[in-house]
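Next come the structures, one after another.
Below are two complexes that have subunit A in common, paired first with subunit B and then with subunit C.
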Partner chain A sequence: MSGSRLDPWVDSYASRAHAMRASEIRALFAVASRPEVVSLAGGMPFVQALPIDMLLETAQRVLRERGAQALQYGSGQGDVTLREQILQVIGEVGVTAHPDDIIVTTGSQMALDLVTRVFCDPGDVVLVESPSYVGALGVFRAYECDVVHVAMDDEGLVPSALDEAIVAVRAAGKRAKLIYTIPNFHNPAGITQGQARRAELLAIAQREGIAILEDDPYGLLGFEGEPPRAIRANDPDGVIYLGSFSKTIASGLRVGWAVAPHGVREKLVLANEAAVLCPSNYAQLTISEYLATQPWREQIKTFQEVYRERRDALLESLQALMPEGTTWTIPAGGFYSWLTLPHGLDATAMLPRAVASLVAYVPGTGFYVDGQGRQNLRLSYCYPEPDRIREGVRRLAGVIESELELAETFGTTHSRGAFTGSSVPAPDLR
Partner chain B sequence: MSGSRLDPWVDSYASRAHAMRASEIRALFAVASRPEVVSLAGGMPFVQALPIDMLLETAQRVLRERGAQALQYGSGQGDVTLREQILQVIGEVGVTAHPDDIIVTTGSQMALDLVTRVFCDPGDVVLVESPSYVGALGVFRAYECDVVHVAMDDEGLVPSALDEAIVAVRAAGKRAKLIYTIPNFHNPAGITQGQARRAELLAIAQREGIAILEDDPYGLLGFEGEPPRAIRANDPDGVIYLGSFSKTIASGLRVGWAVAPHGVREKLVLANEAAVLCPSNYAQLTISEYLATQPWREQIKTFQEVYRERRDALLESLQALMPEGTTWTIPAGGFYSWLTLPHGLDATAMLPRAVASLVAYVPGTGFYVDGQGRQNLRLSYCYPEPDRIREGVRRLAGVIESELELAETFGTTHSRGAFTGSSVPAPDLR
Partner chain C sequence: MHVLVLSGGLSAERDVSLRSGRRVAEALRTERPDWEVREQDVDAGLLDRLAQHRPDCIIPLLHGAAGEDGALRNVLESLNIPFIGSSAAASRLAFDKPIAKRLVEIAGVSTPACVAMPQSTFRELGATGVLDAVVASLGLPIVVKPTKGGSALGTSVVHTAAELPSAMVGAFAYGEVALMERHVAGVEVSVSVFERVGDVLALSAVEIVPEGELYDYAARYTAGTTEFFCPARLTDEQALAAQALALDVHVLLGLRDWSRTDMILTPDGTAWFLEVNVAPGMTETSLFPQALLAAEIGLGTLTAELVETAVLER
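And now, the complex of A and B:
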């Protein structure tokens, strides 16, 4: 973004503000939002699958029956009825809690912010997956944390790699404050941690006295069987669990939550009050009324069907069309697959050519703070219709094939600028 | 709040978390919220004066006509149509801007948080009025700022005192980053800065290169004549102006905004994205539709009438009932009057006895970080009906008279614990 040199206030900013930079690919995403481009980049839920009449009826009832409350300031911890209802939602992943353990936040992004605010001084280490959610990396950077990536395999975060990372952090005289993990239908990796793996990771966290920050926006959006049991279900004292209504009801309401151990929750409430006084009663009561009067579990099944069909369209067309040497993960739920390009190709360098061919994705480097991920990209199947997904994959396969020809002719080429998660994500990248 | 000693995570918190403490008077305010208590404590707008049908019609139209947008993620800067409409609102106080200069936030509290995040390192100084808004003090403390109070007189912040404070800050080797001021219908002081005074303060800020943070939630809620011209109207580059729909439409929607110079605004948008990804589209489109289709200027006049009647009820009964030696400010708008007790009385010590007499207020020490304000208290007239206000003042006068008798008999007594703004406010205290 231009103009910073002319900013008369640039010398007045806090140290943390210098870490707030717009990503280099924002301009490109502005182009990618044109209707002729198939965007496999954004993580927007397909809210059109939510019958608008359900929301209309809900909003009317809230305003007619509890208007004075809906329009007023509320509790800094969140509406108590909604917190009781959240117990039912988290019960689906095996989490039991008391309504007092829950704090309602302005989307679970705000919960990420508040947890980091409460735990992390500048220079404190947060251990994250390789790759990790770009929006979380933006928060950790805003609080000047040191982010350390830990390897994943098909079962998720690798325990031996976590052990090694903790040893290395300690040897460097640093302190790891949080292990940040997305165990279900990982963004961007599309991987789900096995239950045995979860137990191993929890044992390490407990042994080392490091809190686990379990981010679970997609847990109820699995495509087969029961929702996976949350890590928090096995340790109420060592895990801070984050959930959201953004993908199961609607992201535009900005309602998420944290379930936290008693002392942490007290700090989170105070931090929430300092940040926003209280979450929106209007949004909270709308969600609460919806949960009380609408068939929300059936609606989640509808969302699962929508996303499963799109996941299948993506995987089938990747299988049919991608050139040899290209691999991808098979998500069992959620919104994303993580693709690895043939050796020698660079997803960041390729992006302008992909957009010129009317298909967009997020380059893998966005999900790392350290320049890893050049050979990777994230494909989202949540928003476009199945036929558009197939067309997008067809275009992408064409781009990759052209890149392979170029590489054979001229040798491998890498982009100069790395796009890393250290820049704040554009909303399209969530 | 109990239990902190048993918190297993207490050694893992960030330095800033140790500054997050619940105020000692929270428990008392839980009692004060009982219906038999006349609360002159809370700053809740009287949202019942907003016809619910106006909101119902608005919400229906939003969901029917723009449902997919209202339920979806949006721009990190806020909806562009709403930003254009905000130009009309701030035009009322003489502020001209471009929609790009505006960032929509989750209430203007979030704007306070983001501005502090962008400007203030730990130890940086924020210059504030004596007294100042408790919610802002909570934010500054959360970012570990040094808050320096500057004297006010009947015209607001005193220029010579501001000069002296800046000299003293510099002599102490510190840097003042922000001058935080509420020029209109001050919370809690009930004072409005004169226009000449605003010019003097602006000249000092410009000369010293310190940004003014102008917080104006009440500017359109004056009781006579035109809304006072904002400081920002005279300096687009040196002032960050904060506004809110909490008092002119409804606080439960949590929609506020900042108008900021170009470079600052860019940082604020990035900070907003890191904190919440984007403000709620549902709330924003509801506000936007309301502004486009409902008589919002007439509704603000209705609010003015409601609050003027209550202000008059407060002032008339104070005049009629308060014992000699008690003084108070005469607000020309907004929600608050600032009362000074007779010499020797202590508002914090008196509060439990007031609550026992079924009347509540906020002790003055809450609006300072340094223990000042023991002789003061804030009276809010925004929420109770006029007859309740009169009854509350009658009860309060009785309590003060009893205190005077006690003081004459036993000498002055002070409370032991100071309640200061360094604790985070309970929502009732906003």
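And now, the complex of A and C:
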């Protein structure tokens, strides 16, 4: 006699769906969306800093003047005018290309998916930073890749560790297909690769014949000096460069892009058509109109100022309030700082107490596939106002103090099981 | 009729509660298309909204603290707004697991031996000594859980003394007091109880067979990961004992309208009370709706009846 599993399709799902489960962590993030909670968890851009009236006018103009085009299917590669405009944007980080080298995607998340789809068979290895962007890990897992974390230091990916990882992968009879890196204002580590380090990594990738997948959603959101020069700027043939308007204009429009060598780009276009037929014409034309008629570089400066003020609020309050033994990275741009808890504390185990104290963060294990990161958590400063950030850090400091007391009482380096993949919230949601 | 379904809240079971609320509201709308059925979260603006648009009846489906500990029900009673489910006073007793266990035990119901302690006890007396004493008293394995809360959040089964400190920390993450309970091996079942025209009735027991050892959060809310048998694979005597236990608990604790009692049945025929829920989950994978379905009673039908009774009598 068999019972009911309440899902008639449970035996029909692909094996990759087995890890898609409800989780305590997701339950806690449901609470974090309430306004009482200071959420330092999600990486939601502060779109309130946009000139909404101007965007409204822009969107209306698109519909009024080019409505038939905006509401119709478009090219699988993306609107050609927008691709020409993207050249100006990527020029800011030193990338030069032809409009034909660009494919517009539904956010750069879709580009991640397409590149993985084109490059990776199940079991192929993707080398990623340690930690790495949770949304990318989710894509690599969906394509059943073996993800191998490579150590980072203050300058980003460590070249000797990358060498060792490649040797180990080869010794295991496997093939590394991609080196996935976020060189600027890393998510979640808040670290930026130095230019010398980029050159070293590129040399290794070229020597080993492994493509670099350079993910750069935050490159224009630095707080000091010129935007760092992209790795792609030094090797158009060996690097696939991903960019996004999600952080510089509006994440809700879901427009990103990939700049890829000719052969790769041809396959990405076909893969894009198979996945979505074409990116949203309406969103593309709205972005294109915005770039053509609005002072977008000035708007990026506004965003930089907004995020710099919030970064400062975070760092000042961390410095003032965090218990001894807590450390954190100092981001020079972007949205995130990576915090390391005092020895013995576990950020996943601590999350329920944090949420009960009305502050939320993302536990570090979400940024690994192998259970690392227990002692870490990601703090996002992009969305809450500075005063809310200070209040959130005050609450978090109290939670850490309580957790230290608990650890001292029980003598634990407690752990309640890692969470990965489907257990974490959508990366850019609260 | 204007009915307000309250769900959400700030507890760790917010998401479950929202799903329960949505399901009950939808069932009620289908059952009574002429009724105005609204869903609302609970926040600082609730009282103002109730004052502006006073409902005829409220269905509190908040899980966890505030929803089940009687606090919100106290407020509704003060406002004299009829609601379905147990009173504030009864909810408070039922929600606190060691208190509920003690009350039913006094009345002769079997429940596994347990100890409940706040974090401060371990801090002041030294965790090692206290945990050693607990293990000596209860034996292993031990189930560790917060004394208040549901959905198995912060719950673990401990097989060795070395696992106990970590389990305690897990339970304290969800509450100030932890319950350590002797693990009883047997068939895990849940019996739902409801009231109809003055009668208290028990539905058939639902047997729970999770993939792993524990019917934990993932097992509860991921369709396909747990196998349910309704009616449970029990002898007639066991089935009656399970229903009798749930009815006893409902009456002994002074519960009202609906409740769900979780228990373990051992081969010797004993039904062991674990806990009772005054706001049972009503999601797609929850036990109460499964039991109703097996009895061919519509969730909307039952809820509408309870609403009508509450409006008439309270």
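Quick note on the criterion: the second predicted complex is superposed on the first by the 408 of 430 C-alpha atoms of A that agree within 3 Å, B and C clash if a C-alpha of one lies under 4 Å from a C-alpha of the other, contacts with A are read in each partner's own complex, and residues count from 1 in each chain.
Assume a residue touches a chain if its C-beta (ideal position, glycine included) is under 8 Å from a C-beta of that chain, and two chains touch if they have at least 3 such contacts.
Computed from a predicted model, the values in this text were never measured in an experiment.
Student: What is the contact status of A:68 with respect to subunit B (first) and subunit C (second): first, second, both, or neither?
Tutor: Touch partner of A:68: subunit B, not subunit C.
Student: For A:355, select first, second, both or neither according to whether it touches subunit B, subunit C, the two together, or no partner.
Tutor: Only subunit C; A:355 stays clear of subunit B.
Student: Tell me the contact category for A:22 with respect to subunit B and subunit C: first, second, both or neither.
Tutor: Both: A:22 reaches subunit B and subunit C.
Student: So, A:373: does it touch subunit B (first), subunit C (second), both, or neither?
Tutor: A:373 sits against neither subunit B nor subunit C.
Student: Answer with first, second, both or neither: which of subunit B and subunit C does A:364 touch in the superposed model?
Tutor: In the superposed model, A:364 contacts neither subunit B nor subunit C.
Student: Looking at subunit A, does subunit B or subunit C touch a larger number of its residues?
Tutor: B
Student: Touch test for A:34: subunit B only (first), subunit C only (second), both, or neither?
Tutor: So A:34 only meets subunit C here.
Student: One more residue to check, A:405. First (subunit B), second (subunit C), both or neither?
Tutor: The answer is second: A:405 touches subunit C but not subunit B.
Student: Output check: A:7 vs subunit B and subunit C. Expected answer is one of first, second, both, neither. What do you get?
Tutor: Both: A:7 reaches subunit B and subunit C.
Student: After the superposition on A, what does A:219 contact: first (subunit B), second (subunit C), both or neither?
Tutor: Once the two structures are laid over each other on A, A:219 reaches no partner at all.
Student: In the superposed arrangement, what residues of subunit A touch both subunit B and subunit C?
Tutor: Correct list for subunit A: 1, 3-4, 6-7, 9-10, 13, 20-22.
Student: Spell out the part of subunit A that touches subunit C in their complex, as residue ranges.
Tutor: Against subunit C, the touching part of subunit A is residues 1-7, 9-10, 13, 20-24, 26-28, 30-31, 34-37, 349-353, 355-356, 405-407, 409-412, 414-416.
Student: For the complex, which residues does subunit C have touching subunit A?
Tutor: These residues of subunit C touch subunit A: 10-16, 18, 43, 119, 122-123, 127-128, 151, 153-154, 156, 165-166, 168-170, 172-174, 207, 209, 217-218, 220-230, 233, 284-285, 290.
Student: Spell out the residues on subunit B that touch subunit A in their complex, using ranges where they run on.
Tutor: Listed in rising order, the residues are 1, 3-4, 6-10, 12-17, 20-22, 44-45, 47-48, 50, 52, 55-56, 59-60, 63-64, 67-76, 106-107, 109-110, 113, 117-121, 124, 135, 138-139, 141-143, 177, 209, 211, 237, 246, 250-254, 261-264, 266-267, 270-271, 273-283, 286, 424-427, 430.
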